Amino acid sequence: MGINSVGIDNDERFERGWEKLREIDGEAGERVIESLKDIAPDLGRYTIEFPFGDVYSRPGLDLRSREIATVAALTALGNAAPQLKVHIHGALNVGCTSQEIVEVIIQMAVYAGFPAALNGATAAREVFAERGLIEA
Amino acid sequence: MGINSVGIDNDERFERGWEKLREIDGEAGERVIESLKDIAPDLGRYTIEFPFGDVYSRPGLDLRSREIATVAALTALGNAAPQLKVHIHGALNVGCTSQEIVEVIIQMAVYAGFPAALNGATAAREVFAERGLIEA
Amino acid sequence: MGINSVGIDNDERFERGWEKLREIDGEAGERVIESLKDIAPDLGRYTIEFPFGDVYSRPGLDLRSREIATVAALTALGNAAPQLKVHIHGALNVGCTSQEIVEVIIQMAVYAGFPAALNGATAAREVFAERGLIEA
Amino acid sequence: MGINSVGIDNDERFERGWEKLREIDGEAGERVIESLKDIAPDLGRYTIEFPFGDVYSRPGLDLRSREIATVAALTALGNAAPQLKVHIHGALNVGCTSQEIVEVIIQMAVYAGFPAALNGATAAREVFAERGLIEA
Amino acid sequence: MGINSVGIDNDERFERGWEKLREIDGEAGERVIESLKDIAPDLGRYTIEFPFGDVYSRPGLDLRSREIATVAALTALGNAAPQLKVHIHGALNVGCTSQEIVEVIIQMAVYAGFPAALNGATAAREVFAERGLIEA
Amino acid sequence: MGINSVGIDNDERFERGWEKLREIDGEAGERVIESLKDIAPDLGRYTIEFPFGDVYSRPGLDLRSREIATVAALTALGNAAPQLKVHIHGALNVGCTSQEIVEVIIQMAVYAGFPAALNGATAAREVFAERGLIEA
């Protein structure tokens, strides 16, 4: 890309992040990075490096708990449906059951209101249908 | 209180909620209910019945995961510092380590920005100091 | 459904909520509950019980004022377009005029900014057109 | 003030807004404008002109309903405690009862979550105590 | 329109706002006002008068900086995609480069999280493609 | 600190970030990092590395424009008063005038509502008073 022009060798951090992103978000995550290529490739690079190369690679909290935290936050914020769907995939990919994901979404009715939970359930239905867990 | 005048017997649901609230939030939770007595006692009653009597009492997700979800959501929303502090207590009460809580808060920098994470860390510091986990 | 496994008899609360939901939101409300059947039926149940069985059934504030409050809040939050549309229907169903609804939405420009009000107006246009109040 | 330098005569709009602000918000509203004098007097001027001279002066919705809408929105947004307190005063000033205000705040638990409602109740308690409606 | 019935002559303010809206937002801005005609024409009038007739017409900050502020705010809020697109057009119209706009959007990852920045990049891609700055 | 245990040499990125943080935020920024030492030192490290070492160090947008974007976003979000104050200092440190900062804050009334702008003005008054630009 040649954009991060300051010249630091972040290769190891980038590689670790790329592997972690693929482990968690799978193809859905790769498509996010791909979609940034023509508009903001550095944002794609940062998305790999900081969230995945730094944060998700940290010890101290298992990936299943990390995805529960992310699904909770994105459901509560309610303004990031595409990312919520990616991380519902992610939660399933790292071992959360569909029931656990639904429990997190229901719980968000308490903290962010019923509309946030209802829209979270809509996102979950779309992801579960894509994966054949429920009928489309 | 005599407010829920429609006459349904919700006693079992209330009792279950009250026990769950005490298990999770301890004295901090009791103080929330107490503080509502002169202004909106029914809101106190609903806080016991729906979040604790219904949601936290559900099977399908362990309490530790539920508190991780709540700390994540309240850190991300960034506009509910008193409740975030109550649930950092709650997370510790149900078995999360202080390190795990800090990991959740750091992770929120990714989904809600650094200010949300920094203010979450401030809330955690206050709770950890109250409990003698760090120096006040 | 068999999900609320703890065994409390909430039937009266559920029935009251179901009637209130139908009174306020009509078919649009029923469709929300229906849509949850395959993904989170308990969230549908809670949506009937707490918002409608508990809150909207309370004395102390008329339904017209309650719908004004809800349209105001959902317009201001700006991240729950489907629920805003349901409650614009609801406001009309309980006696608000289309002019009153538009006044509430305009007022939100003051408290949540012009984009929130403009997107609220878009939701109102869709609902008014569905009901033949303006040309589609 | 001489700030609105473009030269339009907005005096009538300003006067109407000032009277409306005093009618609704009383001294609490005047203090807001006063507090802006040394930092952003034009923002004070706009606050009088647009919200009060334009919006609250509109026919089509009574002031009591307008204050219900504002208390609902500010409780739901949850990030504007000083303004929420001013408008709880305002709601009381234009004829809402303290019970009606509490009903609006409880209802926001449904749309913005329990923390928003709990923090709204805290704001109401402070205002009601200032006015001697409950014990301080 | 005949709605602003109080009778103040705001013509000069309206004219100035209309010219400013056309200068900044171009046809995209005109379409917003047009779209309000059948539902809330006064909201269209206020959109011209206050944001454009008052705020954007103020001396003290150049239009390029004003559009940077608006693109930043709308990207961070994350719940106003149509308005963000209008103002990405606006930023280009008043002299911002596409690179500068992308820089603002990337920066919002810091203050509102990566999902806000990613969705901002999606909006920018759509606008840049409409204008032939990148391939559709 | 020894926490970023994966072993990548990020020293150059950290150093560049630290210099940039000191250039922009000055002592207020250093205090933020210091305050994290006992609770989440890695969050301090990330705050230096990603926002300052990566984003603010990028070419393509001048620091004055970057601080305008940040003041706009934090005023609009309305839930991060401490960080808003740090960046009002930052805006002044990189060459924005107090008038320009006030213009950005007034403009946020349009996009996030008057309460957000009023609370932004409160933050600005505190910072300007600390620096002797207005009377305390």
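We call the chains A, B, C, D, E and F, going by the order they appear; numbering starts again at 1 in every chain.
Convention: a residue touches a chain if its C-beta (ideal position, glycine included) is under 8 Å from a C-beta of that chain, and two chains touch if they have at least 3 such contacts.
Computed from a predicted structure; not experimentally measured.
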{"item": "Chain separated most widely from chain C, comparing mean CA positions", "value": "F"}
{"item": "Chain whose average C-alpha position is farthest from chain E's own", "value": "B"}
{"item": "Centroid distance [mean C-alpha coordinates] between chain E and chain A, Å", "value": "30"}
{"item": "Distance from chain F to chain C - Cα centre to Cα centre, in angstrom", "value": "39"}
{"item": "Multi-chain contact residues (two or more partners), chain B", "value": "42, 46, 50-51, 55, 58, 74, 76-80, 83, 102, 106, 108-116"}
{"item": "In the complex with chain E, residue positions of chain F that touch it", "value": "50-51, 55-56, 58, 60-61, 65-66, 68-77, 80, 83, 99-100, 102-104, 106-112"}
{"item": "Partner chain C, residues of chain B touching it in the complex", "value": "4-10, 12-13, 16, 42, 46, 50, 54-55, 57-59"}
{"item": "Residues of chain C that touch chain F when the two form their complex", "value": "76, 108-116"}
{"item": "Residues of chain A defined as touching chain C within the complex", "value": "77-79, 102, 105-106, 109, 113-119, 121-122, 124-125, 128, 134-135"}
{"item": "For the chain C and chain A complex, residues of the former touching the latter", "value": "32, 35-36, 38-40, 42-43, 46-47, 50-51, 74, 77-80, 82-83"}
